[in-house]
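Okay, so subunit A shows up in both of these, paired with subunit B first and subunit C after.
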Partner chain A sequence: MPEKSLFAPLIAWKNLFEKPVTIRVPNEKREASPRYRGFHVNDWNKCIGCGTCAKICPTDAIEMVEVPDMKQDYGMKPQRPVIDYGRCSFCAMCVDICTTGSLNMTREYIFVSPNPEDFRFAPTEKGFLKKEPSQIKLGWVRDENSDLLDLDRVWPEVLPAQERVTSFVEFVKAYSKEQAVAEAARCVECGICTDRCPQHMRIPEYIKAIWRDDLKDALKWLLKGLESENYLGANPLSSVCGRVCTHRCEEVCAISHRGEPIAIRWLKRYIVDSIPVEKWYETVVFERVPKGKKVAIVGSGPAGLSAAYFLATLGYEVDIYESLNRPGGVMRYGIPRYRLPDEALDRDIAFIESLGVRIYTGITVGKDIPFQKLREAYDAIFLSTGLVLGRSTKIPGSDHPDVVQALPLLREIRDFLRGDGPEPKIAKRVVVIGGGNVAMDIARSLARLQKMKYGEVNVTVTCLERTFDEMPADKEEIEEAMEEGVKIYPGWGPKEVIFYPDRDSIKGLKCVKCKEVFDENGRFNPKFDESEFCFYDGDMIVEAIGQAPDYSCLPEEWRSKLQFVGNRILTNNLRQTQIPWLFAGGDIVNGPDIIHGIADGYWAARGIDEYLRGTERP
Partner chain B sequence: MMSSTNNIGLEEILSSLNQLFEGVSTEKVDPRQYKIITPPEKTIPVLEFLKEKGYSHLSILTCIDWIAEKKFELVYILFNWGTGVTFVVSTYVNRDNPIFYTVKHIWPTAEYYERDVHEFFGVKFEGNENCEKPLILELWNDLPPLRKDFDPLEYSKKHYPDREYQKDAIHEARIIRGDVRGEIDG
Partner chain C sequence: MGEVKLFFGPNHPGMHGNFSVHMYVEGDIVVKARPMPGFLHRGFEKLMERRLWYQNVALIPRICVPEPDINEACYAMAIEKIARVEVPERAQWIRMIVLELARIANHLWSFGGIGGPTGMYTSMYWAVADRDRVLDIFEELSGARIYHMYIVPGGVRKDLPPKLEDKIYHLLDYLEAKIPEYETFILKNRILHTRLKGIAKIDTETCLKIGVTGIGLRATGVPYDIRKVDPYLFYDKVEFEVPTATEGDAYARISLKPKEIIQSIRIIRQCLEKMPSGPVNVKIGEGSGLRIRVPRGMAYVHVESTRGEYGYLVVSDGGEKPYRVAVRGASYPQGLYGVEHLLPGTRIDDVPIWLDSMGVCAPEIDR
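Right, the complex of A and B next:
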């Protein structure tokens, strides 16, 4: 083919002056494609050390290593991933599952070193090649198709506001098995929740048991916790906490960084609701060796019941003294029935009693039985009497009988609903003072009673805190109350009760603008602008501004030996007071919620055990 | 895009598939894609039939591991260059002793697809004498790696023992971040 050979030299001559198509390594660098899976970058400020990347790595290339001196906060672990690039297969599953989005991949891919040590590397913001973050081009980043986390919560059935406000029926329905398993499947088992829980419940363990559909194992994790470590993490009030726990665990859930946290509380409820309490005893067997010593507990609230449970499992004889007619304290008389039905609490108490704990109700220590009697009859005493006295605003007019306090009223309402007492006074228009959960509880209870009696809701809540965020009440409580027709006006301080000029009835509440709740030292020290005021209509005013302890059961002889912080008793870690045989817990020591009370009960039981094993009674 | 004659042709093919081959099910995925599930003994006749009707291009032969059902699904994707329509022809073989028959007499390129499916899933194709010859993996001596019961982590740990590193990578990272002062190598 002679024609072709005529052109060939021409092409050769032409190419001589063209740029070469090859790349002159190392002088010239070729950039990888935009989705290249190159070396990692990890934003240490965003990373929470959850270790999900290490768990999913199919080549075991990622190790979580503790960072010395790292600030320890709730919601994160002081560890960061270290990658062995000798093992990494650059599959990007670590990026696709990263709970916070801190871990990404760059387009960087060239690294040569004769030293194998150089291939072990903890990625930071500066990447493998130690560049400034602005100089680094990201390669593979997770998108919605590659995301390996399930960010959306499975919601249980919830009665609509219009329906739930007409009765005290529990309005959050239980999970079905399918719902529970689907919700459990979202957990990445990082255990950040366990660190946060005051009682350190073994949350990932029981969630995994739900996922495996092994409810007996799940129940064991709830009621026994870590058996080898003195039942750490057990919660004898799981039916209660499965409904009304303040669930700090969910606030720190790793999934919450990009999605909705795992519904830990509802999953717990699913476990206890799925196994009848008669079966708990055969599922969770305690080998108890009787210790031959007796402990008295004053008050049957969360801390008292918890201490009783753990003491009973340790082989102690436990008697609880409760001044009211039913056991449970705040769980029985404070929290309204639409959130915590009696039946749930009864189940937990029945199980505690099945371990041999005796509960004497209607007996007030210091009145029906002298404290000194307990001292003589028992080897140790645990005090968990709670905050039972209401506080008054003491504003002009607050001494009127239609200005009432939330706690006694909640108690009357619960007694009325269970047929233990007469109908409390239900005013057509009510003003509630307070921004905490007790204020929400009383507002929502009164809203229900108004709806049932008069067909409409007229409850106004006012509090010092200037915004919904500043209010101490849980966000969901505030939202649900408003859905039910309760009106909430934050940022007002009560000034005086206004009466009708012609008769002895309340017309409403005058408030002044609250400028500041806390002073620069973080102390409660509200400041008001008296020139700005408002007026809320109401025939009745409920004060829900906090509670105080009642130490009248303790004789002065002993009380004077105790140390107090404010009005709370000071104890050591094992909840032991300055009197060696006297332990205390719950709201009179720590507060502020049920799960903290349960933790107090647990540690007090360990403290009492330590004390009683170490000392023979003189 | 598609002429009406092609549409009629497609309907004819679908109805004759149902008439000629017992136990075959057809499903429209979209106007240009149809899924056909065949009993194993009908698969090769169906493929030959479709090739004759213009579905002459075997785009790929691949496999899906349905571990819970204890089946492998073999998937033949046929393409018609004239109409742009794709037929996805599937059949199921037992997972315990996965054997099927070669189609390399219909499409010579199938030899490589069959070797690929054998290497990654362990399905044997009778009639393909090169079926068990390694294709991509070198010196593989474990479960076929795309089986669902293959554990990459376990494989990795078994074949590549961990190296004992001397370096404190976290300390180095803190220096790189500027959290602590210090020197780093490299």
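Right, the complex of A and C next:
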């Protein structure tokens, strides 16, 4: 037993004179700490509705709810998180993983209501307690330590510029398995990419399959898409798109708001490159019921091949007519080999042919075979002839034989490289006019040929657009071209081809300063400042300022029945023209883009199927 | 007089949480005691198998509510051990500070808890008010007072906020001045002596037999402390003592708690001094929080909680979720075997004293 002390209780008594430790609610309020994990705020202007917060939520407290009247835009879903505070554990993982940083927590923590529904709400920038945003004190916000996203892309091996310019070898190497899995692990499966892709490829699904190292499943997602929805999202040209797609998906990737987007294109390439094409046949099997009807396709570019693929899966007999000697269109004859080797394209075409599609090459419809004959022999026709004619600047001197069009030259170069044709004329100094991807393709191809033949690069690119940002070419194309020694001067309009006095050979190109490319209505209407001009040396000038369609295969009687927008054919959603049995797609409908062409092929196949099932041939 | 069955459960102020004991009594002497868990069974271990590695950080603090950080530390350290990840030095010091602050908070909490079964309510008022000061620090540090969710696989979630170190020093000074008051006013109090001395005794042999560790074992004279015998984090780089007593009764155990608090204060001071600046976490695996994978393997990690050895066995099959997580709750032996074997023969009113002084935390048993 302890000693009895008379004074021990005095220790307790002294507390009588101290401030109470308790708080008199509601008269006294206690401010929460600056990091407090209280009620949420969500800036709806920044939020893209990706739903990553709902996926990480350990207690399933967040639900993504469609918001009516929300403006629909690419890269954004019309849904916002709704938080159930009956479930929320205030762990702030939603804040740490938010792809845009729109979701944060506040220091607010007191709310009383008899109605349970009040505890379920969609936070806005006004927060749970509907205060003015300026009065809300933020609590827990993400910082670089608590960040749950992986913002840095895994880059594939890329040959250095000095090395790649000496040959036409594909300079971006394929992902290794480790690289691909690491890159796939960054995905948050929001599906914003799927919404943006013209073909609505099932991107999150195949990325997840890569992450799980189930490549067969990944290949099925690529080649079959959503099986239950008529193969929506399938892409028969995955080897091509895995290399040269314009990857709009990556532009809208949720990760791109704070970091580098997922390398969706390289991941797709990883799938198709990792499985030999012989294995594709056993992995992806279609149950086809022959429909007993025949469809002709004019042109074997992306749209034509895609339409053939989907029509074949539906059980139609498909014949493709191609005027050139090899199938593939722009993929075979336009895009240079260092970006898209023949082997990749051959693989895709081999798989399409394995479904029973017949490709007749070297046959020009309208010349070797009359259009009317196709009309008689087939139940429907799909027109995908593409943009094959080059445009000329029509400046003085452009009629000289050394002023050439980019597209035919690209074709000659590719034929030469695969041994199909003679070596094209390669000048020591070249000026390329144009700021698009074709201009970059031809500039970089010529740079390679110059390097191989003369040992040095001398290619100058000039275009009307005043800055690199305005140029329609991909940013990476421009950068890579410059690394390879191509000189690019934006903001100049071609004025005149300058010749040596004998007028036999070209001395160079005179340009004037371009002040404006588009007028206030957004139309192409360049304005020049004639007082400022410059001169580029060149023995040869290449024009790469756009392409035009060639409708010569179509007899006048049918052409007059079609409607055109500019020089593009007007179709309905299912790519049906004003002539019920004639469908069209690809560049002649939607402008130059491979993945758009593939989407056109898909919808046209569905349209043709719908049309042929509805009509019996008389 | 015949045998009567009494239900001693969450309805009783002396019971700790959602746990119950079925007591068969004759008069006021317990003849037979059956621990009855089940009120709390949410199946934490099973739930973990259905959640992502990272999501579990929000679930595990619930396995010991008053001292959640040991769960986070064990879970994180086990994953780091499997994934062979080296945690930055600063994060390890911060973890030690967090763990020791949690120890202080929990000792104060159970110090307050003894007020219920003994009727010494001053102890409860004082200790709970002082514990709140520790929770204020946790709120500043982690954004929450109870479920901190602060220690994560790979390190800690955020660095210390500015000026927190000063606040911790201030708290330590305050507690250091306050602990002697606890000792004079509460531990020397006659009520506590009468109610605790010689009550709820346990000897070393029984402790070792049923697996009691922590204060329960140390009060019988065995200086067994995981921080000393198998140092984790940087416990081998700080100086502290392991206070022991020999009586093995409730009073010995309660009187060890202020002594342990003093040692914790010592440790935190050293941590604050030795802590370098630098990063506070590393990535456990590649990718986003949704896709963290832990390589195949298993690891057991144990730490010293206020109630004894606290351990996590984590098994990974290389997937995005744990294959199995098993928790060694520190109060498992005293809460189940202790109740069953040592309560018979004691009086009804001594049962809550056993539960409190041994530190029985229901969710650890009922997990």
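Throughout what follows, the second predicted complex is superposed on the first by the 594 of 618 C-alpha atoms of A that agree within 3 Å, B and C clash if a C-alpha of one lies under 4 Å from a C-alpha of the other, contacts with A are read in each partner's own complex, and residues count from 1 in each chain.
Here is the rule we go by: a contact is a pair of C-beta atoms (placed from the backbone, for glycine too) under 8 Å apart; a residue touches a chain by one contact, two chains touch by 3 or more.
Because the structure is a prediction, the values reported are computed rather than measured.
After overlaying the two complexes on the shared chain, residue contacts for A:Lys126 are found with subunit B alone; subunit C is out of touch. Shared-chain residue A:Val65: touches subunit B; no touch with subunit C.
Using the contact criterion defined above for the overlaid structures, shared-chain residue A:Thr364 touches neither subunit B nor subunit C, since it reaches no partner.
Contacts of A:Arg87 after superposition on the shared chain: subunit B is touched, whereas subunit C is not. In the superposition on chain A, contact of A:Glu117 is made with subunit B only, not with subunit C. Ranking subunit B and subunit C by residues of subunit A touched puts C first. With both structures placed on the common chain, the touch criterion links A:Ser274 to neither subunit B nor subunit C.
Subunit A residues 58-59 lie at the interface with subunit B in one structure and with subunit C in the other.
Against subunit B, in their complex, subunit A makes its touches with residues 44, 57-60, 65-68, 80, 82, 84, 86-87, 113, 115-118, 120-126, 130.
Listed in rising order, the residues of subunit C touching subunit A in the complex are 51-52, 54-59, 122, 129, 132, 136, 139-144, 147, 149, 155-159, 161, 181, 184-185, 188-190, 193, 279-281, 283, 285-291, 293.
Residues 1-5, 8-9, 11-12, 21, 32-37, 52, 55-56, 58-59, 89-93, 96-97, 105, 139-140, 143, 145-146, 148-150, 181-182, 184-189, 211 of subunit A are the ones that touch subunit C when the two sit in their complex. Across the complex, subunit B meets subunit A through its residues 152-153, 156-157, 160, 162-163, 165-167, 169-170, 172-174, 176-177, 185-186.
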